[in-house]
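Here chain A shows up in two complexes: once beside chain B, once beside chain C.
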Partner chain A sequence: MTMLLFGPELYFLLVALVLFFFSLRRTPKVKADHTVATVLALVGFLVAVACIGQKGELFFKAYRVDLFSQIFKAALALGLFLVFMISRNLAGIEERLHAEFYLFLTTCTLGMMMLVSSVELLTIYVSLELSSYSLYILVPMRRGDDIDVEAGIKYLFIGAVSSGFMLFGLSYIFGATHSTYLTDIIPKMPELLASPIGLVGVLLSLAGFFFKLSVFPFHFWAPDVYQGGANQVVTFIATASKAAAVALVLRIAALGAGAGYDFAQALVILSIISMTLGNLVAIIQKDFKRMLAYSSIAHAGYVLIGILAFNEAGYSSAVYYALAYLIMNFTVFMVLNEVARDGRDLKIAELAGLYHRSPLLSMSLILGIFALAGVPPSIGFTGKLLLFTSAMNQGYFLLVLIGAVNGTISLYYYLRVIYAAYFIKGEGLPPIQLSWPTKMLNYALCATILFFGVAPDSIIELARAAVRTVL
Partner chain B sequence: MGFNIGSVDPLFLACFAIVALPALAFGTIMIFTWRRDNLSLGISLTCSTIPLILAWWLFFTVKGATLAEPIILQVNWMVSDAVVVPFGFHLDPVSLLMLVIVATISWLIQIYSIGYMEGDPGFARYYADLSLFGMAMLSLVSASGMVQLFISWELVGLASYLLIGFWYEKFSASEAGKKAFVVTRFGDIGFYMGLVFLLYFMKDISLFGLGIADINNIGLTQKLTEAQITLCALLIFCGVAGKSAQFPIHVWLPDAMEGPTPVSALLHSATMVAAGVYLMTRLFPFFAASATAMAVVLAISTITLILSSTIGMVARDIKQVWAYSTISQLGFMAMGLAAAGLAHGTLFAGYYHLTTHAAFKALLFLCAGVFIHHFGTNDFFVMSKDGGRKLMIPMVTVTIAALALAGIFPFSGFFSKELVLAQLWHLDNKLWVGLGLFGAFLTAYYTFRVIFVLLFPRPDDHPAWQTYYVREEVAGHGHGAHGHEEEEAHGSHGHGGHGDHHGVPWVMAFPLIVLAGFTLVLGFMQTRIEKFLLGESHPHELNYLLLVLAVGCALGGIGMAWLDWGRARANWSGFLSKFPMLENFFIQKWYMDHFWRWFLNTVIYGTFSRIFTYNDRRVVDGGVDAVALGTIGSGRLLSFIQTAFLQLNLLFMVLVLAGVGIYLLMGR
Partner chain C sequence: MTEHLASFPYLSCMLLSPVVGLFILLFLKEHQRLAIRMVSLVAAGISFGLSIYTFVSYDKALGGLQFVEKYQWVKAFGITYFVGVEGMNAPLLLLTGIVIFTGVLTMWELQERVKEYFIFQLALVTGVFGVFMSYDMFFFFLFYEIAVVPMYILILIWGSTRKIYAAMKLTLYLMAGSGLIIPGILLLYSSSGLFTFNMLQLHAVQFSPWVQKLTFVLMYLGFGVLAGVWPFHTWSPVGHVAAPTAVSMLHAGVLMKLGSFAILRVAMYLCPQGFQYWAQFMGLLAATGIVYGVFVGLAQTDLKYVIGYSSVSHMGIVGLGLATGTVDGLNGAVFQMFAHGVMTALFFSAVGYIYDRTHTRDIHELGGFSKIMPVASAFFITAALCGAGVPGMASFWAELLVLIAAVKVFPIRGLFAIASLVIGALFALRVVQNTFFNEPNPKFTHFEDVSPFLGLPRMILIGFLIFFGLFPQVMVSMIKSSIVPFIQGM
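What follows is the complex of A and B.
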């Protein structure tokens, strides 16, 4: 019965097997594959939700199933399902590779699910690499010019270097504590952090997750990968993979909780640079995905604010923000996917006239963008409010001030998107027809963004309960 | 929130449904069904019928809620440390009664509008806006805290704006909507400041939600000084004055008549404008704690009463007459409350007048709506000529309502007016009751001016028409033109044809009959309502002198109207024409619009606007431009880090990481 604890992972393993067999076919069946994969992912999401209450430990205590991990598993499954839903027009990838696309996204999700449950250093590392390798393959899979290859190589190299740092850091921690179990390590941490080896170890271990989260200085891959990858792949990287990264940063950062002022100060600096750099450079971007890449760097900075508070309120607000970010960023990417049906890179100016071409999409866009910008009463506003409040209570006034200024700067480029969609006339562009599942998806996303922005308490409570199991 | 349905108080659920269903209707219609008129109508009607039933159910079943000990049901809406903003419901007799009034009249208006708005291109939008109003108003009425109340208050203002400017393609309508919104906002600034000051004075952050019960306890607990209470009460009264159209910011209400007539009946006579007075009732113990504030309120409401009655005497647009009568009656209610506050009375008189007024004023407007719908004009002289008296049901009901408005026994207005006047009588200074009686006289006069003109049409060659046409030139524009526009804005639907004088559709006639029923019955419910509100009924010692005076004033007004407008030889000039200066003063609406125009032009645009524009252009814009350019420039500068050279990127990563490491190690 203990294997039931492993339910969601087992399920996705099976899905990966099914999809693997699909990929063996000589003649691809594009539509059928998509339908099967989407349905399987939906069932996967339901399985993950059904397993949300599970608790227990597996594999010689290297693997812990608790509310924290299960919430993130549900979120990851949701992310996978959503990405599959918008993959009906997979124009960016050659048809014979579609089955592989589904396969690797599933293995990546599987890896990240294991990642959020891992409480042992080697398990963490293996799961992380499972998810990363899948993405390394997915990014250059794009059809067409060579920009995807450049992006793929950049992603691989930066990822490899970060992994190297991380392994190095993990080895320090192991060397100093003689254990790879987080449960053993955490009690020794305060003492260990007094010595250089502990500090450097934690710092280097964080590198791997900063890479995933695209925090400065590990952000270089983001703009190129966002622009170079197929739209659907980027959607996945920008949503589900970020959520997993936040989950792991939370687990690892708990190691540094006892380090006190200096360690937090280092994170403060990284956070400030991430926010400022991301927002400033986003302003001058013309490509929509590239702009979103820089915006994701800025958002990574915001999430760090919650993490460096090192307390329950901060962590729970980071969890809330990660979940909110998944929804709102996905909303924007969904619009991008629908507008760029042929899988091309979308310039911001190409959104012109969207209001007339599809009022529904432009409503989703405006809500998603406002949520990213943190305009009330959206889910993004509540998230930012929680993050800033938690930092404020810890006395980081300057950080909050800079965060607020950054929020204002970000409005500039976010509003440019709205401006293009609503106020620039798109001459002669045909209206965009949406299928009914897409319409439902639009309504559901809009409702979610608004509802949890107005009544965030249930999610906050959930996040608090989840965080309590980590701390 | 984190509650499960099983553990929730059914009372809370009922209240929640009352507020949430109209909101649901608004959202559904606006997003999904705005193309389908009948479906939208069905949704809107369903979502107003259920609250209606629930409101009546609450009214009859909720026991044990008294003014002193209300039932408060709330959940935490926003929590941030010690600051808790609740969302919930404050049930006591005052709110229960108002819930019933609002739900009933909203429902009747929705029924009535089926006929009135039939064929309008914006039919679904109209019902969505009505639903939005219903939600906001019901939430305002039942709110447990001032934050929720204020939000609802503003939403009501928004709904009013949307509905006044419903025919937005018409310039005057969109202008009127804007005027209403801006003018009431002007008062709301005061309201908001009042709340902020209240919070500041109380120095208790846990009261951030500003529960209504808490505020009402302030007067008892004496935590605040008299001056502080006065300041807050007066500031809050600014909001009341804006919403309830009290002098000097009443100017928006007559213009608000640009909206469809059912809207005028619902928002701008019976319910929304009463929200101001309702707020005073709601916070009556708080207001009553400051005698100074109450004296100011009394003065302002008395001015309002007289001012609007006199303007009502000369208006010739039927909706304008009722609009000014609304303003004057609102003034009358506020007088009743203020006098009660000064003389340590109860809120019953003013609130009772609000109740009866809601019924008969809605009736007056709905009748006017029938006439307007039928004859395509707002000018009641023209209606009279075209045979207005032949419309049986509206003619009978409008007469009933007019008798109530004039304060004639046995109609409801008689009882409530009597109470307010009695309340004024208790004041030491008898000037107030004198002015109140004078107002009652004027009310009877201008009301029956309309009734007599409608009832006794003159043949075309009657000398009265001479006066009418001369007057039209004197008045210049008049208001006759609006009516035609309202009818045009309706679109091209044919309504039964002019020849058919019996063609009042039953959906329009039914609300008239129901409201007429209320107008007849409510007066005799006085003791019961008082018992319901206050928990006990004081036997009113009949003040025969006052009774004679009041009835005398009312009958005098009617008699005067008969002499001027009713009898066969009357030449429709009115006794006012003996005083041309005065008449012109009234026709020009006491020059209040001129005053505000002047005030806007010289003070706002001429002084503040100019200074701020200069500041904006030179200082703010210049600064913003500099910052923006600097920001974009720094964006360009930073983007150089993003080079294509992977080696440099990796090197940079390592260097930064090393830098952070060194920083950490140096720090110890």
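What follows is the complex of A and C.
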């Protein structure tokens, strides 16, 4: 029975095996593979949702299954399913590699699922590397010019460096506490944090996840990888991968909760620099994905605002924001994928005439972009306001002021996207035909963005129940 | 403040009617123009009818907050859906109803992207209704933003004259204002220690002086951007000129009032000591705005710019009234919000009609326009008379109340304001003369005058201006019923 606790992970392991056999075929069956993978991912999502109420510990208590981990597992499975949904037309990747694309995305999801359940330092590290290595392979998989290679190498190097930082930090924590179990470490932390070794240890341990979340100073890969990776891969990196990173930053940062001023100040500074840098540089971008990369750096800064409150309200708003970010960023990426059917990089100006080419897509785009910009009544607005509220309750007035001003700055480049889609005439461009699953997806995403923006209570209560197990 | 629960959710219906209309529109096809217009008109009409109903059936003797609806929304953060009507927001709800209803009628002739236009317009008006009726700061701010953002798209697609620049400028200015408002709201929320966004509960808290001073100035500047407070008004003439007719009507008529109403309702109500501290500053900016608006307006040759700058000066009167902090001043300020809203809507509606035909708003080009379109010209002239403060019009009483209060509290600023209003009135008459009573431009002689149906929205607006001009007591007693306890509570 205990293995049932491991249900979602086992399921995805099996899916990975199935997909592995697909990848052995000499002649690729593109359409069939896509259908099978999507259906399997959908079932995976349902499995993850069905397992949401499970509680227990596995593998000598290195692995904890609780509401917090199960919510993120469901979110990750949802992310994978959504990415498969929009991979029907994988123009960016050679046909013979399609099965590998599905395989590595599945193993990456598997790694991240294990990551959110890990409560032991080595398990965390191994799971993190499983998900990272899958992405290191996926990024350079793109067909075409050499930009993908540059992106792949950049991603690998910066990933390796941040892993190094992280291991170094973990070794400090282990050295000082003689344990790799978070449950053993947490009681010893308040004492340890008084000395530099504890503070440095926790901060460096966060590096690996700051890398995934693209927080300054581990953000350098984001623009190049976003631009250089295949659109679908980037969609996954920008959505599911971020959600997993938030989950782990929440877990590790909880170690520093007792540190008081110093640790929180470090996060405040990182948050402010990430927001401001991301938003300012995004203004001058012409490539849509690059702009979204810088916006993701800014959003990482927003999430940190909730984390550094170190209380239930802050943590639950960070969880809410992570889930919201998954949905809204995916919505924008979905539109990008549909417009750039041939897998090319999309310039913002190339959204021209989208309103005429597909009113439905332009509606999704407007909602997604407004949600990212924090305009009501969307999940982005509610999420941001909750983050600011929890930070203000801890007395971070200036941080909130800077965050709010950043919201205004970001609006400028978000509005340029809407300007392009609605206002620039796309002469002679054909209408975009959408298949019925894509249409349904569009409606579902729009409804989610609006509904949970206006009525966030259910999600917030769920998130509150979840974060109680972390703090 | 006493709260009287509603027997029927009138306010929610008023709020949701545009939302339902909006969703019906989503499922209509672009070419079903008549159906689109009818749905919008019915949705706006229901809200309009309900706003009249709440205005008429508000019990002034009973006072307090009536038609209250309260539901817990987000427990963890203390957010409640809390709406109600009192003497000071009933006129503004009525104003919104009037302007949206006449706005839909004004845009009856729109040909381009009709469906989307009405969708965004209904979204915008939902926000406006929401702000005026919300007593929970979260919802207040949520609706405030909903009211502000659709403007970008409305101006960008259906606007004219430098619309790209104007739309971006307007949106960034207003969002920068929001950037100041959020910290202000959250500072109150967190320093109250109550974990509630309910304004009435927050009002009971004695905030420390520095919190009040800081919050008040953040909110005053943030909301002041939307209220067109000098020197943050520069988006407004540009934006009003670029916006399509009904959007100008809504924006100058109603949206700018959101700003001044929020200063009254949130900033002054929750931070009375902050208000005392900054009142002189407010008075100074408001008086400067009045003088500045009048004189810059004089130099304009585009009719919409003339109105745009007159809005700055008239909103200055609202600001001056608020700054006095007296019963008469606040009373006049709220009355002026209503009167100026109806008057500006009429202004833009009249200019829009003329512009749609002639494609010019240049004063000299129009020349003797009253000989060509006497009825359309009459609408504009009526609005101009109202703007000049002619007795018998609603604005007269509003301005009178404010100026009396202002001269008592800030004698010199009050006199400056009066002087510039008199000069402004003189020049308003010059504008009317140049536009309508010179030699007619032969280019335009073939145009027909307003048909009775298209004249209807303008007639409604004039009707309200004159009704409240002749029976100001209806409005004054209404506003007073909430202003007197408001001042006592400060």
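Note that in this section the second predicted complex is superposed on the first by the 471 of 471 C-alpha atoms of A that agree within 3 Å, B and C clash if a C-alpha of one lies under 4 Å from a C-alpha of the other, contacts with A are read in each partner's own complex, and residues count from 1 in each chain.
Going forward, a contact is a pair of C-beta atoms (placed from the backbone, for glycine too) under 8 Å apart; a residue touches a chain by one contact, two chains touch by 3 or more.
Treat the numbers as computed from the prediction; the structure is a model and nothing was measured.
Visitor: A:Phe6 in the overlay: touching chain B, chain C, both, or neither? Say first, second, both or neither.
Guide: Touch status of A:Phe6: no partner.
Visitor: Looking at the overlay, what does A:Phe101 touch: chain B (first), chain C (second), both, or neither?
Guide: neither
Visitor: Have a look at where A:Phe209 lands relative to chain B and chain C in the superposition and call it first, second, both or neither.
Guide: neither
Visitor: Looking at the overlay, what does A:Tyr422 touch: chain B (first), chain C (second), both, or neither?
Guide: second
Visitor: Give one of first, second, both or neither to describe whether A:Glu461 is in contact with chain B, with chain C, with both, or with none.
Guide: both
Visitor: Tell me which partner A:Gly395 touches in the superposition: chain B (first), chain C (second), both or neither.
Guide: After superposing on A, A:Gly395 lies in contact with chain C but is clear of chain B.
Visitor: For A:Phe84, select first, second, both or neither according to whether it touches chain B, chain C, the two together, or no partner.
Guide: neither
Visitor: Touching chain B in one complex and chain C in the other: list those residues of chain A.
Guide: Of chain A, residues 389, 393, 412, 455, 457, 461 contact chain B in one complex and chain C in the other.
Visitor: With touch defined as at the start, can you tell me which chain C residues reach chain A in the complex?
Guide: Its residues touching chain A are 73-77, 138, 141-143, 145-146, 149, 152-153, 156-157, 164, 168, 171-172, 175-176, 178-180, 182-183, 186-187, 189-190.
Visitor: In the complex formed with chain A, which residues of chain B make contact?
Guide: Chain B residues touching chain A: 1-2, 31, 76-77, 79-81, 628, 631-632, 634-636, 638-639, 641-642, 644, 646, 649-650, 652-654, 656-657, 660-661, 663-665, 667-668.
Visitor: Okay, in this complex, where on chain A does chain C touch?
Guide: 313, 316, 366, 370, 375-377, 381, 385-386, 388-389, 392-393, 395, 397, 400-401, 404-405, 407-408, 411-412, 415, 418-419, 422-423, 455-457, 460-461, 464
Visitor: For chain A, which residues are in contact with chain B within the complex?
Guide: On the chain A side, the touching residues are 150, 153-154, 157-158, 161-162, 165, 194, 196, 199-200, 203-204, 207, 216-218, 220, 223, 262-263, 265-266, 269-270, 277, 280-284, 389, 393, 409, 412, 443, 455, 457-458, 461.
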